[in-house]
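See the structures that follow.
Here come two complexes built around chain A, the first alongside chain B, the second alongside chain C.
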Partner chain A sequence: MPPKNNKGGAKAKDSSAKQENDVAKTQTVFERAQAAYDLTRPPYDKEREELGGLHALSTVEKTAYANWFCTAPDELAFLSKKAQKELWKQVNETNRPLRRGQIDKPKPDQWGKDKLGRNIGDYTVQQYEQRIEKQGQLTCLKALGRSFASKRLYASKGLVDSSTGEVYTLTEEDIKAEKQRRREMAALKKDLYGEKMGPYSTDPEWDDVVPVPQMEPEGALAAIAYPEDYAESMSYLRAVMAANEYSPRCLKLTEHIISMNPAHYTVWLYRFANIQHLDIPLLDEIEWLNGVALDYLKNYQIWHHRQLLLEHYYPTIAGSPDEVKRFARSERAFIMAMFAEDAKNYHVWSYRQHLTRKLGMWENEEHGELDSIEGMIDDDVRNNSAWSHRFFLVFSNPRYATPDSHATEADPKVPAGIVDREIKYAQAKIKLAPQNQSPWNYLRGVLVKGGRELGSVQAFVEMYVQNIGNEETEQVHSSHALEQLADIYEEAGDKEKADLCWKRLGEKWDRIRLGYWEWKRRSLKAASS
Partner chain B sequence: MELQKARHVQYFQRCYTTVLPSVYTTMDSNRLLLGYFTLAGLDLLSSPSSASASAKDDSASVASKSLVPAADRQRLRDWVLAQQHRNGGFCGSPGHVQPDTVKRGWNEAVSYPAVNDTENVSLPGTYFALLTLGLLANEEETSVPTAFRGVNRIGTLRWIKRLQRPDGSFGEVVNADGSISGGRDMRYCYMAATIRWVLRGNEVGKDLDIDVDGMVRHIRKSQAYDGGFAESHMGESQAGYAYCAVAALSILDLTAANADEPNRYLKAGIPNIAAMVRWLVSRQIVFTDNDESDSEEEVGEEQGNIITVPTSEMASLNVTGTVLGGFNGRPNKVADTCYAWWVAGALHVLNDALPEAASLDGASGREFLLQKTQNAYGGFGKDAGSPPDLFHSYLGLAALATMAGDKTEEGLGQFDVRLCIGKEAASRLDRARQFWAPASTNDTIDA
Partner chain C sequence: MPVTTSLARARRKVVFKRTPAALSSARMAIMENRATDLAVDEEVVSRMANPSVRGSRLPIDALYTSEPPIIDPLVTATSTAQDQTLDQCLPLLKAADCNIEYNANGVPRLHRERHIKYLETTIGNLPAPYVGADASRPWCIYWALNALSLLGADVSKFRESLIATATHMQNKTGGFGGGFGQTSHLATTYAMVLSLVIVGGESAYEVIDRRAMWKWLSSLKQPDGGFQMSLGGEVDVRGAYCAAVIISLLNIPLNLSSDSPASAAGLADLYTGLAGYVQRCQTFEGGISAKPDAEAHGHLMCHALSLGSPPANMPQKAAFLVARTSLSMVVTATGWVHAGPLIQASLRAPSQPAHDSGPQRESTPEFVSFYDREGLIRYIMSCGQDHSSKGGMRDKPSHRSDAYHTCYVLSGLTSAQHVVSAVLAEDEYVANMAWKVSPYSDPQLFDEQDRLNPTDPVYAIPQGKREEVMTYFLSKPGF
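This part shows the complex of A and B:
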């Protein structure tokens, strides 16, 4: 055993303890470790290292160092008993401290980095202690979480707690406490390691799901700055979709994702599958959808989903005409609420057509479809979507129309009275706003459907156009009328008059389409030559 | 007003190098579309034909080299291909890709875990993936033969065929049970026709090819009473659907080259071509800043048998001098950047089937875009004063390139209207598809 050198050791300890107190506030973790390391070796070793070699030490110190070196257990083993005796003798004579700690020389980066990439070795001792405390808290919380998980497992298997003799049960309190713990753990993890734990990884209800993260290399195209929680909820969605899970929690998850990305094309299909498996009343889902649709007016998937619901709901009420009527009324009411926001929303009009076909809302009854459309045209005579829906309503009515008749072809099965009615209707609306192209287009469409010539409305058209070509008296109240007049002349073979109308349209009455009017003129000439 | 080329280059480079803002989250399921617009924009602004002839501004030097860095191309190809489904077709976004470890059930027939997450594959995803791969073939031509290496050609064709319904229409998604989801609209016809052309689906035998006549019938039924095209039968006409319908037919014609019967499908698919021309040119409107609300309230009065008309309405038709000619997508709607493209593009394609080409007022259309929707910091917005977005920025350039025709817009490359990409890119795409093994079921490109 090496003889103790109490004197030297105690002296060193005293001075360094004092030093430690002085600098505790500003000393870094590395500095403290370095200081502790220094305390475990004699001063001449430190000096040797700092000065860069033995040559810098005095003879006495050199000897002391050599002796100290040789007293290391590994080195000592090489010496004979006699040599060892001689060594200890010299050590005592030099009277220099001889200490040797069991700690390694500290490295500045041995504590790793924190979430911001800062070297933890550069923390002050105080900061470091706070960090250690948080890590301790996290460990405790994890342990409590593990006991929660065990309890949940035992409860699910109906095991009996041998200490109390009662069956394990998981109470609301337990779950509440666990949720609170997860929140604390999430905060600690974020603080310590910058790890994010979203609402799903902190919710015990989702413990059994292993999220499927998005696989994507760095530097991909069109990366998006996702809102908080989006990436996490998507990774849980991939997981439950892959597992074909259908459950209330999945339904909630789809709602969460839809709120962030309503154009996700498979989340809607998956939501529908959930509704079917959980046997959720379709009317409840439709009600839910009403709110969502108003939030995302331009979204298409919502209407596809609604159509799917309609497909499944209709067969359950098809047997009862009253039910069908009631449903038609409530759907129409919702559609009108959508139109209050945007009366030309294409998806809504498209759904309205589908609904009309499915529920057979063709007939002109009170507060029926045709009434509703008339009301919309009265509100805004320029609403082309409403005009288009009217065309569909009138000319696709299965009671008389040829099934699948094209919009651009005559349908001899449409009664003449209906064609007359529609012509009159369009003309009445043209009177309200002669430069409104919607009813003019409608009028053309009706004439084609009815198999009538454009010339059959010549007198009406001429009300808006007078003395074409006469610079003094020429009057045009609607460029659409002048255009239609040209077509009437062309239809009747009166090429000169048609040409004059197009010429005047290009010169004065609709100049932006000059290229088109000239094209019409050239085409007519080419056709007749 | 000029095209602010340097600004647009900056805009697309910003989209290329930085993360898109979170408002794009609603397009997260279509990131391939966003990627396609980014690359197609960079390509059009730097294709060989975009170099300024007079070299009078600094944009000429910008245009000398492709703005899609050669060093990035392999990585971007890998990114696109990572969204391919094992059974063919592409997911719209990395977020829809399930890892290989996800297998469902057990396929009794082959005693192998069944893979049936096919509903994640989408028609738009597949379309944009294939076009992006074509865009990524580089100018040096060395990558043209391998542009589609790694694409599951036969699987994709088989899947496209399953997307078609008995009425000829296409859906967006094939569900695990084989049912088809998605609308019946013209966009899907256009995408299906383009995918078939890229993969040369017409050369792999009837069993794998789609029902072309059915598609043409479906398109034909969708012309509306006013001459435009609707999403499907008896709907309201809309300019986007008009372009998709016409371009779909025209692309079908590319695979049915027959000197005796040019534009066979274009003619077969449009019942009334003259009415369609009329509807398209009617989409151009004189833009005035207080366009919308004023005229709504004005109503004509009947005096004897003469009806007076609000003067402002008729006056706007007779303006002279420099006019801003915007385009709307439907009658009585406001002008919007993208409709300049849909209308001009549709008319351009339609002109192929006409003995003589009809024209729009390109000059006023151009002024509207450059003065009203071109953003001071690059890109185009939806309408006057809107902030720029990728969709309108690219289609704004597409509209300008299309309206300029053979003259070309200064600083923009020549444009292939049918495919909606630059001419050189379209040519690379066309040459790349020649490397599919002809008339065989070999689904890889040997090169």
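This part shows the complex of A and C:
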């Protein structure tokens, strides 16, 4: 053991060493190299450099400098033996350090730049040591990754490990460890070089896929600065699509891309192809889809996808009325959830029409579709989408309607009772808000379908229109009623009255459509002349 | 039960209580206007007859600055939305916004330079949040190029970039996807073809691989006469319209390729059953829906008309500038007006037979339009323009401007500024695509410097571009 006083001395020494060490840590890499370089040359060389030339040195220093300069091995060879001897003599007298030539003069940028464009030479020594350590880690991880890749290759070929005599197998743990390594490598690469490794290039599951990046041509129009995640996943999508791959990993990839860009029709179509090939249970897909649909209310692709799913799934339940009913119920429940957000969403309504046809949801007793629509019209009697669906539901019912009967032509097969019911329904709704165009259009549509004359509702229409043309007593509570009245008069051949109604529409009750009313008037005149 | 206007006010009071701040100014505006209702008309008429009158602003017809004469008291979600829109629009229509410069007719100026600047940014480099538009870049390009052309900006400077972009998005199997490596789609192909036609020139036309396009279209053709939007995609009226535009502009041979599903089903050619398909999309309301069984929608109406198959009973809906019945007023509807002249042209034709002035006759309209041109111009200039330095056009004052609305609202504006007259060749008036677009000759509400270039009513591209491309491809035998 060292004596006590020595111990104190050692402590002092320690702390001074520590101090030196601290200085070393705050010093930059370049400064440290410069300092080391300075140790290898005489002070007058440094002085000469700093002052900008030999002229600033004293005569003695100039001589010493020239001698020192010439002691470089290459220079010495040019001197005669005698001259060399003389030179060494002088050099010894100036007591210069004999270390020249071992260190090159450092340049500030010789360590390169980091990911932020900063000179690594400007790193503190401590920072630099950390960097070196990370690079070391990365090299180790790469080596381990290579051995994983070899093992995977051997395993795929069924090779035998000669050291154990067993067939190479890749365990779940191996894969887990590799995934962990990739994550660490990605973090290190990002940290050291700013290289981004997305979730696919770091996932060993995707090692066999060579991504196809999007190379935009020079000056491309409407070019988007893609987020890295999106750009990477799209590169992998292009690759797997080109290879016609259908697999669970592709399904996951489409889900990922859809979460970033749900309007990407290509991804949706490819997703459906995967679902077909993998025979994914419909309900799983629907459940996922519901969430996406509620997140992106205006999206179109979601609803086409749902329709494709329906087409794909229906044959499997077609034989069981109960299952069809259950599916119809759950689909409608979701549709209604969508309508709670936007009761006129065109895509959802289109899907509802398709669903109604496909599942045969025509009969109210069985499916309650008509009740559901009535509920929506009760909520907002101006919801034209609901009216439109009702028309479809009532007049396309295959139980009685003529198949493919056009929406604007009479269908003699529709029972009179149904036509009467619909006329009454429309009239009851007109009463709630006579200027609401939807039930008026509906009423007209019903009359046409039922092959009834417009005049059959004249008394009803006249409840909303009185004394047309009489300035004092004219009353119009609905411009749609006035229009309908005009058409009733035209139908009955009462051209003057029809003309008067259109005239009054253009003059007062619906001026914004003056051009249209005038056209009606002229057409009628032209037809009669 | 029936109600009168005074009852209608009662309803507005209900709404008023809900959102007092939004309604107060609009309500006051309505009151003022109603007071001067009768005095206005004559002055406007005399003003319109004599456009040289300048100086102090003339009163605006109350038709454009007040509510319609009949309003139901019943409040529903639809009426609330309509009221809100009305309240945003009325102060602008009344020329009451002191930040906007109005002309003597109370119409704001067209912010032409701002719109051009804005449109150019929409096809420049787009930041990351535009990733949602990654599948519709051809649309962005078409909207901007078409709108720029209508505004009179030079689009030929985009030719080289467009050629590079289009080449990159074209698939070897025919058609254009929304971007590199994306499945070909009729909508994006339509947009890209129109873009190439707008910049024009042989080098742009020659980007299109017409043989591959023909094969691809054949594979999309369905046994029911319609077109799938993409392989495995939906079948709807848009497909019919886009396909017909592409086929006719590029002079694509009509016969079906041997591997077409429609060919297997016995269809004769690419057009077989197309008109029938579109007619099946007509609804009881008279309009056109996206698919058979669905609700009528104004946008789709235009597509159908442009196909030259005006459905029966069409006049019923022809004059209504609403997207869907009872849907809140949207300016997008104005864009569809570009097809409006077609309705007129096709309706007028049968009632005015061609015997009066020889075989080729330009119909001289006695009235100017089915729809209210003044109302449309006022709405677009006042409410449809983003009056801030951003520029661009919007759906309504509460919405942001975007390229889509800029394109279609300007199409609506130019359509309201120009008259389309069908040049009749007996009954082939639409089929042979002979029509003429020229400025209305009556006094204008807007300043002459705010006139846009005319648009082609069927193809929604600047006037003259259709003839150029058709001439080019007609001169090319085969592919």
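In this text, the second predicted complex is superposed on the first by the 343 of 529 C-alpha atoms of A that agree within 3 Å, B and C clash if a C-alpha of one lies under 4 Å from a C-alpha of the other, contacts with A are read in each partner's own complex, and residues count from 1 in each chain.
As a convention for this text, a residue touches a chain if its C-beta (ideal position, glycine included) is under 8 Å from a C-beta of that chain, and two chains touch if they have at least 3 such contacts.
This structure is a prediction, so every number in the text was calculated from the model and none was measured.
Placing chain B and chain C on a common chain A by superposition gives a clash between them.
In the superposed pair of complexes, A:Y314 makes contact with neither chain B nor chain C. By the touch criterion defined above, A:Y37 reaches neither chain B nor chain C.
When the two structures are aligned on the shared chain, A:G219 is found in touch with chain B and with chain C.
Looking at the shared chain after the overlay, A:A343 reaches chain C, while chain B stays out of its contact range. By the touch criterion defined above, A:W288 lies against neither chain B nor chain C after alignment on the C-alpha atoms of chain A. Of the two partner chains, neither chain B nor chain C is touched by A:Y154. When the two structures are aligned on the shared chain, A:D379 is found in touch with chain C, with no touch to chain B. Contact with chain B, but none with chain C, is seen for A:N244 once the two complexes are overlaid on the shared chain. Of the two partner chains placed by superposition, chain B and chain C are both touched by A:S438.
Residues common to the contacts of chain A with chain B and with chain C across the two structures: 212, 214-217, 219-227, 230, 234, 238, 241, 260-266, 269, 304, 344, 346, 349-350, 353, 380, 382-385, 388-389, 391-392, 395-396, 404, 406-408, 431-438, 441-442, 444-445, 448-449, 463-464, 475-479, 508-516, 519, 522-523, 526. Residues 15-16, 19-22, 24-32, 34-35, 38-39, 72, 75-76, 78-79, 82, 92, 94-99, 102, 104, 117, 119-120, 122, 172-173, 175, 181-183, 220-221, 223-227, 230-231, 233-238, 271-272, 275, 277-278, 281-282, 284-286, 296, 298-300, 302, 305-310, 313-314, 317-320, 323, 325, 330-333, 355-361, 364 of chain B touch chain A in their complex. Residues 212, 214-227, 230, 234, 237-238, 241, 260-266, 269, 272-273, 304, 307-308, 343-344, 346, 349-350, 353-354, 357, 379-385, 387-389, 391-392, 395-396, 404, 406-408, 431-438, 441-442, 444-445, 448-449, 463-464, 475-479, 508-516, 518-520, 522-523, 526-527 of chain A are the ones touching chain C in the complex. Listing the residues of chain A that touch chain B in their complex gives 212, 214-217, 219-227, 230, 234, 238, 241-242, 244, 260-266, 269, 300, 304, 344, 346, 349-350, 353, 380, 382-385, 388-389, 391-392, 395-396, 404, 406-409, 431-438, 441-442, 444-445, 448-449, 463-464, 466, 475-479, 508-516, 519, 522-523, 526. On chain C, the positions that touch chain A within their shared complex are 1-4, 63, 68-74, 76-79, 122-128, 130-137, 140-141, 144, 158, 160-162, 164-165, 167-168, 177-183, 185, 229-234, 279-280, 282-286, 289-291, 293-297, 311-313, 315, 318-320, 324-327, 347-348, 351-352, 366-372, 375.
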